[in-house]
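Contents: one structure, followed by commentary.
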Amino acid sequence: MFSDYSMSELTAIFAMQGFAGLILFSVFVLMALGLAIIFGQMGVINMAHGEFMILGAYVTYLLSNFFEAYLPALFSIYFFIAMALAFVVSGALGMFVEWAMIRHLYKRPLDTLLATWGLSLILQQVYRSVFGAREVGVTIPDWMIGSLPLTDMIEIPINGIFVMVLAVGISVAVYVMMYRSRWGQQVRAINNNRVMADAVGINTAWTDRMTFAIGCGVAGVAGSAFTMIGSTGPTAGQLYIVDTFLVVVFGGAGSLLGTIASAFSISQAQSILEFFLSGSMAKVLTLLTVVGILMLRPQGLFAMKLRK
Amino acid sequence: MLDYNNPNFVLMVEGLTVSFDGFKAVNDLSFYVEPNECRVIIGPNGAGKTTVLDLICGRTKATAGAVAFKGHDLLKMREDQIVHAGVGRKFQTPSVYEDLSVFANLELSYPKGHGVFGALFFRRDQAVRERIEEIAEMIFLKDHLAQKAAFLSHGQKQWLEIGMLLIQDPELLMLDEPVAGMSVAERKKTAELLNRIIADRSVIVIEHDMGFVEDIATRVTVLHQGKVLSEGSMDRVQNDPKVIEVYLGH
Amino acid sequence: MINPFTHKYMNGREALGFAILAAIIFVLFPLVLEPFRLNLFGKYLTYAFVAVGLVLCWGVGGILSLGQGVFFGLGGYCMAMFLKLEASSPENTAIQSTPGIPDFMDWNQLTALPWWWEPFNSFAFTIFAVVAVPVVFAFVIGVAMFRRRVGGVYFAIITQAIAAILTILIIGQQGFTGGVNGITDLRTLHGWDIRTDEAKTTLYFVNGVLLFAVLFAAQFVRKSKLGRLLIAMRDQEDRVRFSGYDVANFKIFVFCLGAAFAAIGGAMFTLQVGFMSPSFVGIVPSIEMVIFAAVGGRLSILGAVYGTLLVNWAKTTFSESFPELWLLGLGALFIAVVMAFPNGLAGVWAEQVAPRLRKLWPGNAAAPENTPAE
Amino acid sequence: MSENEKPKNYAGMSRRAVLAGGAALSASLFTPKFLRAQDFPTAEINTTGLAVTDDTVTIGILHSVTGTMAISETGSVQAEKLAIEQINAQGGILGRKIEYIQEDGASDWPTFAEKAKKLLVNDKVASVMGCWTSASRKAVLPVFEQYNGFLYYPTFYEGLEESPNVIYTGQEATQQIIAGLDWVNQTKGAKSFYLLGSDYIWPRTSNKIARKHIENFMDGCKVVGEEYYPLGHTQFNSVINKIRLKKPDVIYAIVVGGSNVAFYKQLKAAGIDMTKESPILLTISVTEDEIRGIGGENIEGAYACMKYFQSLDNPNNEAFVSAFKEMWGDDMVIGDVTQAAYLGPWLWKAAVEKAGSFDVDKVRAASPEIELTSAPEGYVKVHENHHLWSKTRVGRAQADGQYEVVYETADLVEPDPFPEGYQ
């Protein structure tokens, strides 16, 4: 298929295609980080993860309207405020959900799956009642739209760069939080041995709540960022759920690095396949490969081998 | 080369090694168990005692070494095949089926109907019932057959688990801390039970309670950092300066 | 407490439970419901097949599959293929560029029937395939997963991904599968018009009989040693393994059995509703089917049927009068059944209703099914 | 649904205003015949036991108000209710007020079939306005044929169907595709086309027709790529790169739902500025409704091929748009399908009055050749194949979310659901 093109054209395309893969990678990382915290560290299956993301998107939508109407001068930077607010709002909802629901279910992971699925239905209906069934259009500041021409032929989407920077930033933040802070130590201690953690004076209830809230908050930020590249509607969250879970599981639950590595491999596979095959078949092949590998290596790519 | 059919030993472990991410929990371990022997494995925490049992019964896969049991290469077999070959294993924390009655617990361990369809069409006939009652008598639970296992005391659960192994009549029985959490009276009864059991088979026991070890042990193996530190009769081991150092030293 | 020394397939109370359900399905519904509603209940009951399978897999065996829609769908598609071929006789399809093949194939420029459609000209083969195709599929998944000891949450997520893959495939291969519209406009079964009220009533009864066959089979499994083993495996998998059982085989078996049940339900669905589409294969219907079992009481075979009927009836009723409330209600139901009533209707019955009934009417109380522990 | 579903001013003061608006509209546009109920004895005009009384007639509205399709179907429900309101304000049909029973298909095809059956069997409705997706229509079709119901289906769709029990008020595929392709070829000189769609029957069938037309009927034109993405797909950067590589003159996009939003946002972000028309983006799946989710600034400059745009400049449409906004709120937008849905009750009214009966067989017999001079899209006529003759128009998307009409066919385009040479 490439015989008709000049060398420079091909270079340009491959560069951009590589970039497309990186954007997809960043999207996967953003989707999966919140879940990796919640599922990996707490063992909770949050099927409402997508709805937490959409909550962040709606926050962004409301804020964009607010700034357009009352603070047009600051419109160009509203997006940062929106992301911060999305974190707070989704996190607060997460905190409430943990308190009302999740904390009663820590010993029944499959039941958290059903309960959070119920939660996702409720949230969808709430969004529909509040914001209407239609998708809402989120206005993005002008500077975030468009592309940077690197050469004559290579153009890099600005929102792609933004998503990538954000993915790196949040990954680093989460890494620091989980592996370099006292709080992260506590979370991991609880994950390893809840009773012991309790006994040595870690406030497990509070730590659980914060972990869940932060996971949801990160989802909210992801949702906020995705208003640049995707749709915001009551049921849009469901589009993400299968991909997100596969990324986390494929990476090996409990391993942040694994999640990132798995996001990288899945995104590259999908992006390359999409380039050479039709979109649907690329998707099917990617999913099949992931499921196939998971069957061969159920603990995921990066799970540690532990004494049982 | 290990002679898998050596009739002098029931179990032969040679050069057994397992490493978890580089950490060698069991390191080039060898020991031999004779018929009708009661071997007690002792050692400080983290010595690799439970891991050894895990390796023998197939719960953990070995990195290197050989385990021979009556001509079988246990390292190549699945857990259930190892059980069928005649190795029984009791876990450290009593694991019985709490939702089922004592009777059903024993029945599930009865060595018949182990295939899918065998289980589906398994009939609870006279022979089954008699055998279960016989075992129940032995493990002091004859009056508790109808009870849900969840309601048994900790010690009774330990006995039940031993009973679940006995009903299979294994040639090698491996017990991980069988008297942990038992009262003094219960310990005595358990020692009695074990002595009766040993008559027909070999037993490997992990235990910390030295009094209890003295009551039952034919020979003792001391593990330290995944290796054999000392082996022999109770007396000999107790007087081995290396053992004394590990237990009392530093 | 059940006498541990007897081992009966069904005790008196369970027999009464079966009898009451039979009376409801075979007498009460046909008497009080007009044909339209009866057909609707027939459709609900096809989901009960799935729910009963889930009771065995999930409630008893602890294996939560979020891909039961796959098996329901495969069974349904097998039946739909046969019916579609019958509806696509050369006379019926004379206006097509290639008469004699299903209309959607013609629209997609297929000029001959794909080879794997050919066997579905035979009704005997179709009946065989309805069960065999999903079971083989389940077997492959089961062997791959359970042999490698994938369980719990991972199994749930992977089955969910499989449901997603199959949906994309069916929709994408529309020339062979009818795509997103599904296989529609099914008319006759061996010349017998399945669209008439009489036919639908007949199918309702066939469906009922099959459901009872499945219920009896489930009861047999539940009461067999295999049933107790499943419970044992759910709680102490290692102990079972070290009692000399090959745990994977039992899981594969019960997963295949659940698939077979779901497939029969799917085939009956196709017959009663008159079409099959990918919207029953995906994630959402698969999870909804789990809630049917959960509402009934995840350990209760009969509860699964009541749960299915109740949820679907509520769905129809609510969505007729308060469509916007339905999702809220369904969501709340998921949460309530997990948090407040983990044993579902059967639990409520056994803990709340039955004791009171017994007080009112000593010695003669009927329970649809008792709580499990044996 | 709530907010969007409820007429904005229903409860408030201006219900009368709506009716007055409707009446005014009808007075000016819909030649009113004042028919009195007593001139049409119920027994004569309803011989098949439909839900017709001496002063009312009941019809069904069957759309999804919950689930994923609610997004799309809301507008249709609103338009149908508006039409019913206006017809009633004008005196109803054969002197009878229209009452409606609304059922929710819940984006679930068996539910559609189930509810269709309920409407026909239990409620005996005289006709049904409903369905949106092809899948839902395919699901209800056997029910309508079995119980001899009568459905007005509003969506532009893939064709390949001609049921005696359905009037298709939207375009079949050729009506929407061919004129648009010819236009872009003739006025823009486009020669190469990249076909893209969501992966299901409508985009695939439509692209098939487009490909046949491009390859067989347009001199020197070719298709340089064709592909499909699963419904709900949100990542289009790879395909955008492929498009760059192929350098087509036209991207022919039939992406739907949430994918739509992602596609246009990513296209714009990738530096493909549609206002520069290199390449030209031509779509048949984005109405004004969809633009609300996409954002006008993200799709500005794209061309859409429809039969109706809200911005159409004619008195019928002005009246329609203002009545619609009055009933449902000023922020409403009206897309192609919404307008087609609005035609349903009016076409049925005309057919019933021509037949002088509510009986489905008579209405069916009367339907071909029914004309509506008052349609917002202009003059339409029912073809004997139950589709509508209508014009094809091309609009250019503006930043404000509206289309500027840049082209319309001179004559009505004949519906051709089974196009020869395109299969």
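Labels for the chains are A, B, C and D, by order of writing; each one numbers its residues from 1.
Assume contacts are C-beta pairs under 8 Å (C-beta built on N, C-alpha and C of every residue); 3 or more make two chains touch, one makes a residue touch a chain.
Please read all numbers here as calculations on a predicted model, not as lab measurements.
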| item | value |
| --- | --- |
| Per Cα centroids, the chain farthest from chain A | B |
| Identity of the most central chain, Cα criterion | C |
| Distance between chain centroids, defined by C-alpha means - chain C, chain D (Å) | 37 |
| Centre-of-Cα separation between chain C and chain A, whole angstrom | 34 |
| Chain B and chain C: spacing of chain centres that average the CA atoms, whole Å | 43 |
| Junction residues of chain B - those touching two or more other chains | 59 |
| Numbers and ranges of chain C residues touching at least 2 other chains | 168, 171-172, 324, 327 |
| Multi-partner residues of chain D (each touching 2 or more other chains) | 1-2, 65-66, 199, 228, 230 |
| Chain C-touching residues of chain D, taken from the complex the two chains share | 1-2, 65-66, 103-104, 106, 108-111, 113-114, 117-118, 121-122, 133-135, 138-139, 141-142, 146, 160, 199-201, 204-205, 208, 228, 230-231, 418, 423 |
| Parts of chain C lying in touch with chain A, wherever the complex brings them together | 58, 64, 66, 144-145, 148-150, 152-154, 156-158, 160-162, 164-165, 168-169, 171-172, 283-284, 287, 290-291, 294, 324, 327-328, 330-335, 337-339, 342 |
| Chain D-facing residues of chain A, complex | 5, 9, 13, 16-17, 19-20, 23-24, 27, 125, 128-129, 132-140, 145-147, 149, 155, 157-160, 228-233, 235-236, 238-239, 270-271, 274-275, 278-280, 282-283 |
| Chain B-touching residues of chain C, taken from the complex the two chains share | 1, 3-5, 7, 220-221, 224-226, 228-229, 231-232, 235-236, 238-247, 249-250, 253, 372-374 |
| Parts of chain D lying in touch with chain A, wherever the complex brings them together | 1-4, 65-68, 70-71, 74, 199, 227-230, 232-235, 237-242, 244-245, 257-262, 265-266, 268-271, 289, 291-298 |
